[in-house]
Every structure is written in structure tokens, then in C-alpha cells.
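Letters are used for the chains, namely A, B, C and D, taken in the order the chains are written, and counting of residues starts over at 1 for each.
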Amino acid sequence: MENSLNKVMPLKKAIKTFVKTGAHISIGGFTINRNPMAAVYEIIRQKINDLHLYAHSNGMGLDELIGAGCISKLEIAYAGNGKAAPTCICFARAVQNNTILFEDYSNYMMSLRFMAGAMGVPFLPTLSGFGSDILTKWGFSKSMRKEDSKIVNKKLAVVDNPFGDWAGASKVVLVPAINPDVTIIHVQMADAMGTCSIQGLTFSDIEQVKASRHVIVTCEKLVEKAELRQNPDLNQIPFIHVSAVCHVPMGAYPTAVFGHYDYDSQYLRRFALAAKTTDKFKEYQADCIYGVKDHEAFLKIIGQKQIDKITADPRTGYSVNMKRD
Amino acid sequence: MENSLNKVMPLKKAIKTFVKTGAHISIGGFTINRNPMAAVYEIIRQKINDLHLYAHSNGMGLDELIGAGCISKLEIAYAGNGKAAPTCICFARAVQNNTILFEDYSNYMMSLRFMAGAMGVPFLPTLSGFGSDILTKWGFSKSMRKEDSKIVNKKLAVVDNPFGDWAGASKVVLVPAINPDVTIIHVQMADAMGTCSIQGLTFSDIEQVKASRHVIVTCEKLVEKAELRQNPDLNQIPFIHVSAVCHVPMGAYPTAVFGHYDYDSQYLRRFALAAKTTDKFKEYQADCIYGVKDHEAFLKIIGQKQIDKITADPRTGYSVNMKRD
Amino acid sequence: MNKDHPYTPREIMTIMAAREIKNGDIVFSGTGISMLAAMAAKNINAPESVIFFETGAIDSLLEELPFAVSDPRIMYWAAANSQLTDAFTTMQNRITGDKVIAILGAAQIDIHGNLNTTCIGDYFSPDIRFAGSGGGCDVASFVPRCIAFMQHEKRKFVKKLDYLTSPGQLEGEKSRQAAGLRSGGVSVVVTNLGVMRFDKDSGRMYLDKFYPDIAPEKILENTAFNMDISKATQADPPTIKELKILREECDPQRLILD
Amino acid sequence: MNKDHPYTPREIMTIMAAREIKNGDIVFSGTGISMLAAMAAKNINAPESVIFFETGAIDSLLEELPFAVSDPRIMYWAAANSQLTDAFTTMQNRITGDKVIAILGAAQIDIHGNLNTTCIGDYFSPDIRFAGSGGGCDVASFVPRCIAFMQHEKRKFVKKLDYLTSPGQLEGEKSRQAAGLRSGGVSVVVTNLGVMRFDKDSGRMYLDKFYPDIAPEKILENTAFNMDISKATQADPPTIKELKILREECDPQRLILD
């Protein structure tokens, strides 16, 4: 949380400043929508690793980070990349090959955990998960939980309802709060102070931001304060939560941004195919990540023709009749 | 919760259908803003009583209902009516004269209780209130809590944090969920299905609505579905939660509706003065409530001249330079 | 199969699922065939049902079929765009939650309708890792009715799940309630061969309907556990009208039907 | 009082409170004099402080002074309009919450800075009933610094509260922590006579500053409990510049100053 009135900085600097080796991070968006991809690629280029990622249903962002070896620990509800990869490919391989530590929750549990972090309470209750292996199979060891103060002592807890059977519940599952070191989101509009306006579904971005010690916002449009103040009802994130604002047009590409551009299903498929073999994936990374100096250069190799294809129709907010594979 | 696609009905009918003697109710708004006053006056005219009211900081709506003797039990955080009455007058008298049963919470606790009701969990945790008399002084008796299944067994509960000192908390206060029989709110726009768009602060209206078995919406403007669908980001309440939609222009008068009209400080003062003595209050009620057949007739006696004075300026959403007492 | 109006396995599955949806239901929908079943219900038998996504969109217009529950196509012309916590709130509370019917898929299902969408093999070192719960565990915990869409194969209808992601009837009898769950969970299984339901008392899966030209014994052969087929009757095949609406109005481009 | 630039009790109170607010603080504000103190701080000493309301508005433009925290005037040109739960989230969490400074009023205060805004007399059958906690108990529970604005009278500075609405230092020493609260609560009391703070160890109120022309003994006479006045020094009176900004920029119509 910072209050300096101008938080605009280059993405390179924001990542370098706030995303440290070993940091606990979360990223916004959902599967193939509004993942902060420019920031993800910058983390990869800066070779920041040993990250602990909290995710509900992050798709593309999560899989690129895992594929690049940035993630050592993962708390997650779902890893899918739409039609291109119903299960994220690098994620599945990392789990199958035991190259990351992971712990599974449900989407609601992860959302509640961010919400608890935002609210400043140690846990929130839910009636989800009783009888499931989500309650019984814990990914992090007891000694890890004991030694690492950033890992909670229990994955979750089941307690009796102290209010009798109020609300028809005899017991509840309590899920522990998450307070990431840094959360990165991509939004349609932000001003220099960091106030943000997200168009369309907000997923769990708002809770993730409010739960986080530092927040990096990348935005399609960096607008004047006055533009956002005209309709405060559309601003979900007031500036007090934000540490850095980075103007990165198409910063969620190849995932979608409602009102701006659609997901690039061809790119997603290209990624999925490449991710299946080590050699092809290295080639892909060399071409699209390490071989470009920033997101602008990346978009240049994608080309205007492809970008035009996914550009959103102003009426619907997505690319109408786009060829989707 | 109903799903019939056209829920429009006269306010009289909505109140008669959903607000029964002895019902547990909540009303939207905050002190002098967006109280569903037309509905409140209709409840009073229909002489529905023995109501159990859940309120956070309802002002004018609460005080009219208490003044008219409609409320027998009250769970509340704050009863004030802005500058006109820093403490609601009928409320204070009712408490001082032991004519209602009441239980005090804080504003956050009441909001969390509605939120718990909306979420379908028996309680939510907070770190508020430790050491205060809010925790120790319970308004409802043990026998009441035992005999009345609609009253929770405990006002609140303090429990140890099962996650050690995660989030820096050794213990937490749990506040029990509220699920009113009916919630009544006033909004700027609704369609016939019941989808609502609130402009400006939503207070706790959204949680109150989602926690409630039935929901009556009164609205300034009854609009076509298409008008609301053009920007789903501005619709806080989808129709699935709503039982009845009543088109009542100026339905929050004398409280304010952002973008439409300001509070009428003269009326609020008139009410406060009248409320101070039994005779004057009876006179006031005879003139302004019982003596008119509905809200439209009430507004006629207020007069267009007064209404013009409080009409909102389109730029700011309130009446600029209005004389405020 | 009625020779006068042939249909594909995917079509009969969609229609069978659509028939489960009632007017006024709020349909928790994923993408693919579950989306198509929701659209078919809305167009055929439940015009006042409401399509709803865990990402927070409700009653979206869906001029184009979405390919993910975060597809921008679901954000257009919705009644409200909100967020995950709001969507699960709608399902967890008993007021709107009781109106929700979910459509789920899974890698494995057991005789009590519990689902596995997490892994094949040991959880900590699996042979195959899947996407995980997503909202599956949540909705199966919260809502009274869930439809499971499955391909009917022995390796999918298993004696014991490798991981119990989403609760069905757990171990049957009163075990769901004993565990802390409300009644609900998977209540019907729609496959390419038939429709299964669960005995009210034992919570065990039984064959309710077999499709025309599918022998109940064939279904049993494709099921690794011992399922009661004694009560099964033949399903009413999709009607001409149902198929017409499904093909012409729900998926004219055959994005999902093919 | 400096004869060259006289000021009213209300003006010195406002300035004393404003000086407590630091750049970057998020000011939880009510209406009336608390609002004015927040505006004075922003205009004088803490230009990057942010005014914030429990109803959910943050950094509103305030072209006109609001008369309630639900006044439509606070909804105009805000950074965001949200709701009660969001506002309290900002205060309860340690990230933004640690930046919040609250300004509260009360009917009674005790030596440990606990506040009563609920009633005079027995809670169940009071002589006078007040509005109640509102967000007072919440913010006093959550945030590290609260300013209490009081008229300095014996019946208000009491030995024992009739009702403890908002926690200060409870019974002092480590009692706040023992009860489950984070450190915080009322940290400074600004009255028409002086400024009180709390001893770090004992949690007891002491006189920090008396205003020019106010004898510390007079303050003691208006306090029902035994307060340490030994450390008190005279407050720096409002400067000409402070008064000029307060009068000309914050409340030119003297809506609150009079």
C-alpha cells in the first residue's frame, strides 16, 4: 500500500521492485481472460524464481510461469486454458514429475481465502468440501508448515457451528487467509494514482488486490484522474491499494480483455502444442519470451494482422465471428 | 426468490403479499439516504406490526416504523437521522420507555451478518468489538433465544483462531447470519424482471437483498430490460433475488437518491420536531401518512416547489447550494 | 434409435440432460456439451431457466457459444457481471441455491456419484494430473441437483476414485449429512449409453434409462462397479421437435454437436 | 491566546486534530468538526491524506460539506463508490488499515480512552439513549490511531462508562491485547481545553497539551478521573497560516466553524 500520487513506472522496474525471488504472489484473471501476461513474461525474462503462486483458476499466466520454472510452490483450484488445453500442460507435467509443491483447493475456497486476506481476518467459513479429498490431502508437509512462517499451520479446519444449527449447518470448513507479497492484475483503465476500472467480470481480482502487500497494475489505457472520477461506481479498486501502475496496451495478450480484444485461440494452441515437448517449448520461449525485449516487441512479432483479427467489436466487447479453434 | 419474468406490481400489493405481521424484515439505505420510504409509509398505513427489524444505520425509515408502533424487536448498529436528529427520536424514546426489545451490534457486524446470510453460512468472523459491551450485553433473553426458532441461540461467539496466530489474530468474534423474511430497498433503476442498478454507494443493500427470502424493490425508473443489459457492470442485483418490483418515483423521499434528489432537510426537521411530543406526532402522522392514500398523494402535499428545491443537479448528483438546516 | 429421425450420442445426451432442467432453474453451466444442454433446455422445455457461470455472469445473451467460463462472450448483455465470490454466494445460500442445477463432467465417477477431476494415480505423484476442482467441489457441496456428463467407460465408472474432488453421496446412506453436507450432489448421470440415478436410501447409482438400441447389460459391461439395472426402462428418444430446436437454434454451426 | 490572531475553541480543536494527520494517512471521517479537521489536514499539513467514509466512498471531492456519511455529496467524484463491507475491509486489514486514522466523538470517555456512544444509565432501560456504535466500535478495534473529539466536561470524562461502545485501552496495561484486540484505539483526545494522550505502558490518559490561557488545573476540574497533568506543556497555538486556510479554504461559509 502506497499513497504517492504518481505511481506510473515502466513494467520492468515494477517487476524488479516488487517481485523478489521467493516472493508469494498472485495474478489476476481467469483461465483465458485478463491474465497479466506482459507482467508474467517480464517475470520470466527477469528469471525471478522460487515463487509461491496463489491461484484460483489462472490459466495461461500460470502455465507460462510454471513452464519457465519460476514457480516452486503452488496453491490452486484449477489449471486450465480453455479449449486449447483443458488441463494446463506445464502444470500437469510439473505435478506429474514432482518438480513443484502444490496444494489443491476449490475455486470458492481460494476466492474466500483472498477475501479473508482482504478483510484482515484469519479465515472465512464455507460449507464446501466436506467428505472430499480436498480436506484430507495436504500438499505441504508438517515441518514446512512449522518452519516457514509464510505457510499457514493447517490447510484448513473443520469446526462445529457455535450457533447450533443456525443456517442449517452443523459444522463449517474454515479456509485460511492469503496475503500475497504482491498481486499483479491487468485492467482496462487506471489513472496515475492507481485507481482502476475493470470492465466485465472481475473474477477475484478485487480481493486479490486488497489482500496483497504490494499491487502492480498493468492497464490498457492510462487515463486522467478526471475520467475515472466521473463514474466512481465503475471503479472497483481505489488507489490506496496500488503500488505501481504500468501502461501496457494489450498487456493481457494472448488472453482476452473484454471491450478491447479477444483471446488469441491460435496462439493458445501454439503454446499448448509447444509445451508438449521440451525442445519445442524451448524454441517457443526463445522466440516469444526471451527473444523479445518487452511486450511491445512481442506484439510486433505477433503482427498487426493477427491483432486485428482478435480486436473486440465495440457492441459486444469481443471479436464477433472470430475463427476459434 | 422467484423467477417469473414480470414482477411488477403496485406497492400496496407487494407490501400486503410479502410483509406479514410478525415478519423479520430489513430495509435498505443509510440514515438519510435511499431509505425505501414509500414502502415504509405503506407498511404503516397497512398497520402491519410486531415486525422484527434488522438495521445497520437506517435512519428515517427506522424511526417512522418505530414511531408508528410497527416494530417490536430491533437489531441495530446505529439510529441517527443526520443533522436533524443525531439520535433518532422515536427510537430513543422506545428504548428509554422499554416499548421495544433491542440488541446492539456495530455497523460492520450488522453488514457481516447480512453478508453471512447472503453467503448461506452460519456466521462470519471479525476482529471488532473485543472488550466492548457489545459482546457482553445481550438484549434478547435466554428463553426467547430458546423458544423462538427465528432468534439465534447466541448474540455472538468468541473463538480461538484455529490457524495459530495467522493474520495476527489470537481469537475472533463470530457474528451470526441474518436471513430476513423480506428486504425492501429503493433503487434508481430496475426492470420488470427485477434486475437493479444502484447509482452511488450501495451501503449494505446488496447483502440484505441476497440474504432475504423475499425482496421488494421500489424504483425511481422502471426501465426496459435492454437498458440495463447494455451495462451489466452497473447492475448489482440480478433478477433472481427479487420478488416484486414497484415503480415509485421519489420513493425514498424525504431521504436522498443520488442522481435524482437530495434529502429534504426541512422535512426531516419537521419530523424530528413533531416526534418530540405525542400530540404533535399524531398530527404529523395524520397529515402525512394516514391522511394520504399513497406516496403520490403524499408528494402532492409536499408540493412541486419543495421537490424542485431538492432535485439533483445532473453534474453532481445532489442539489447544489440547497438550503440545508 | 428411431430410423425416422436419427440422432447422435451427443444429441441424445444433450436432450436427456436438458429434460432435467425445470422452468425457473438456475443452471450452473460449464462450456461444451453442458452449455449446449442449458441452451437446449431454455429453448425447449424451460424457457424461464437462467444460465449462470461461476465467474459471476448471469443470464448472458450468448450470441456466440463461449469456449470457457471466462470467455468475454458471457459478459455481454448479462443481467449482472460480478465475481467469483458472488457466484458461489448464489449457490451456497438456500434461497437462490435451491434453484440451482449444476452440470459437471469428470474423469472418474463411483457408485455413489462422487467425482474425480483431479488426477489418475496417487495425488502426490499422479500418472495423469487434471485441472482440479475449479468450482466443481463447491457446487456439488451446495446445490440440490447436479447432472454429471460422462463417457460410459469402465475406467471412468470406477470402484474407487483416485481422488474425491466433488462430493456425491459419499459412502451413501446418511454419510453426506454426517460429513456436514446438505442433501444434494450428483443426482443424475447422463452418458452416451443411458441415464443413471441414485437410490434415495442407499445413495447407490442405478440404471434408470437405457437408450433405444442399447442393452442394459452393455451398460453394466462398461461399469466397473455392480449397478442395479433391474428398474431400468427405455428412454423416450429425442423427439423431432427437440432435435430440430437443438440443431437449428442451439448449435446451428455444430460447434459442439460435432 | 495570541491577541494578534484570535481563534475560537472550535478552531483550535480543529487545528490540533488536523496536526495529528500525516501525509499518506487515510482519514476515517464522520461529519461536522471531524470532517473539517480532515479537510484542514489535507489543505495544511497532509496534502496526500485521503478522506474516507464508512459508507464506502473514498477521496470524494466534497464541493459542499456533507451533513451525514450517507450524504450524496460524498458520492460525487470519489475514487470509488462501494459499500460498508468494503470500507470496513480497508480498516480491518493490516495493509491499508495501518494507514487509517479515525476521528470519533462520544458522550463519555474514561481514563483509558474507551468511548460510550450508546446510552446514559442502564443499557436495558437508559435515561438517555444515543445512536449507538455505528462504525465506531469497529474502527476503534481495527486501526492504530483514533482521535476522540470531546467537549471537556466532568460528566463526559467519567470514572466508569455507562456502556463501553468503542474500545480504547480497555483497562490499560496489556488488556487490549489480552482481549483479542490489536494495538490501537483512541490514541489522542482533543477537547476545547487541551490535548490528552495515553501512557504507553499503563494506557492511562495524561494531559499532553493545554491551550494558551487554559490552566492545567482547570482541565483537571473538568475531568472526573485523576489524570496526570505533570507532563503537560502549552500547545503551539494555531498559526496565522493555519487559521487562514481553515477559514478561507475549508469552511468559508462557516457551516461548521460557527
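One rule holds in what follows: a contact is a pair of C-beta atoms (placed from the backbone, for glycine too) under 8 Å apart; a residue touches a chain by one contact, two chains touch by 3 or more.
For clarity, every value in this text was computed on a predicted model and none was experimentally measured.
Chemist: If we look at chain B and chain D, which chains touch each of them?
Modeler: Where chain B and chain D share a partner, that partner set is A.
Chemist: Any idea how many Å lie between the Cα centroids of chain A and chain B?
Modeler: Taking the mean C-alpha position of each chain, the two centres sit 37 Å apart.
Chemist: Whole-Å distance, chain C centre to chain D centre, using C-alpha means?
Modeler: Roughly 57 Å separates the two chain centres.
Chemist: How big is the gap, in whole Å, between where the Cα atoms of chain B centre and where those of chain C centre?
Modeler: 40
Chemist: Give the residues of chain A that touch two or more other chains, as numbers and ranges in rising order.
Modeler: If we look for residues of chain A contacting two or more partner chains, we find 117, 120-121, 126-127, 167, 169, 172, 179, 200, 233.
Chemist: Please set out, as single numbers or ranges, the residues of chain D touching at least two other chains.
Modeler: 57, 75, 81-82, 92, 94, 142
Chemist: Which of line, ring, star, complete and other names the graph you get from chains that touch?
Modeler: Per interface graph, the chains form some other shape.
Chemist: Going by the touch definition at the top, which pairs of chains touch each other?
Modeler: After working through each pair, the chains in contact turn out to be A-B, A-C, A-D, B-C, B-D.
Chemist: Write out the stretch or stretches of chain C touching chain B in their complex.
Modeler: Checking each residue of chain C against chain B gives 23-24, 26, 48, 50, 57-59, 61, 75, 77-82, 89-90, 92-97, 99, 142.
Chemist: Give the list of chain B residues in touch with chain C in this complex.
Modeler: 1-5, 117-121, 179, 193, 195, 210-213, 228-230, 232-233, 235-241
Chemist: Sort out for me which residues of chain C touch chain A in the complex.
Modeler: Checking each residue of chain C against chain A gives 31, 54-57, 63-64, 67-76, 81-85, 88, 92, 94, 114, 118-119, 123-138, 141-142, 163-167, 170, 175-176, 179-182.
Chemist: If we count contacts the way the header does, which residues on chain B are in touch with chain D in the complex?
Modeler: Spelled out, the residues of chain B in touch with chain D are 29-34, 56-57, 59, 76-80, 82-83, 86-88, 91-92, 95-96, 98, 104-109, 111-112, 115, 126-134, 137, 139, 158, 167-173, 200-207, 256-259, 262-263, 265, 312, 316-318, 320-321, 324.
Chemist: Please output the residues of chain A touching chain B within their complex, sorted ascending.
Modeler: Checking each residue of chain A against chain B gives 116-117, 120-127, 152-154, 157, 159, 161-164, 166-167, 169, 172, 174, 176-177, 179, 199-200, 233-234.
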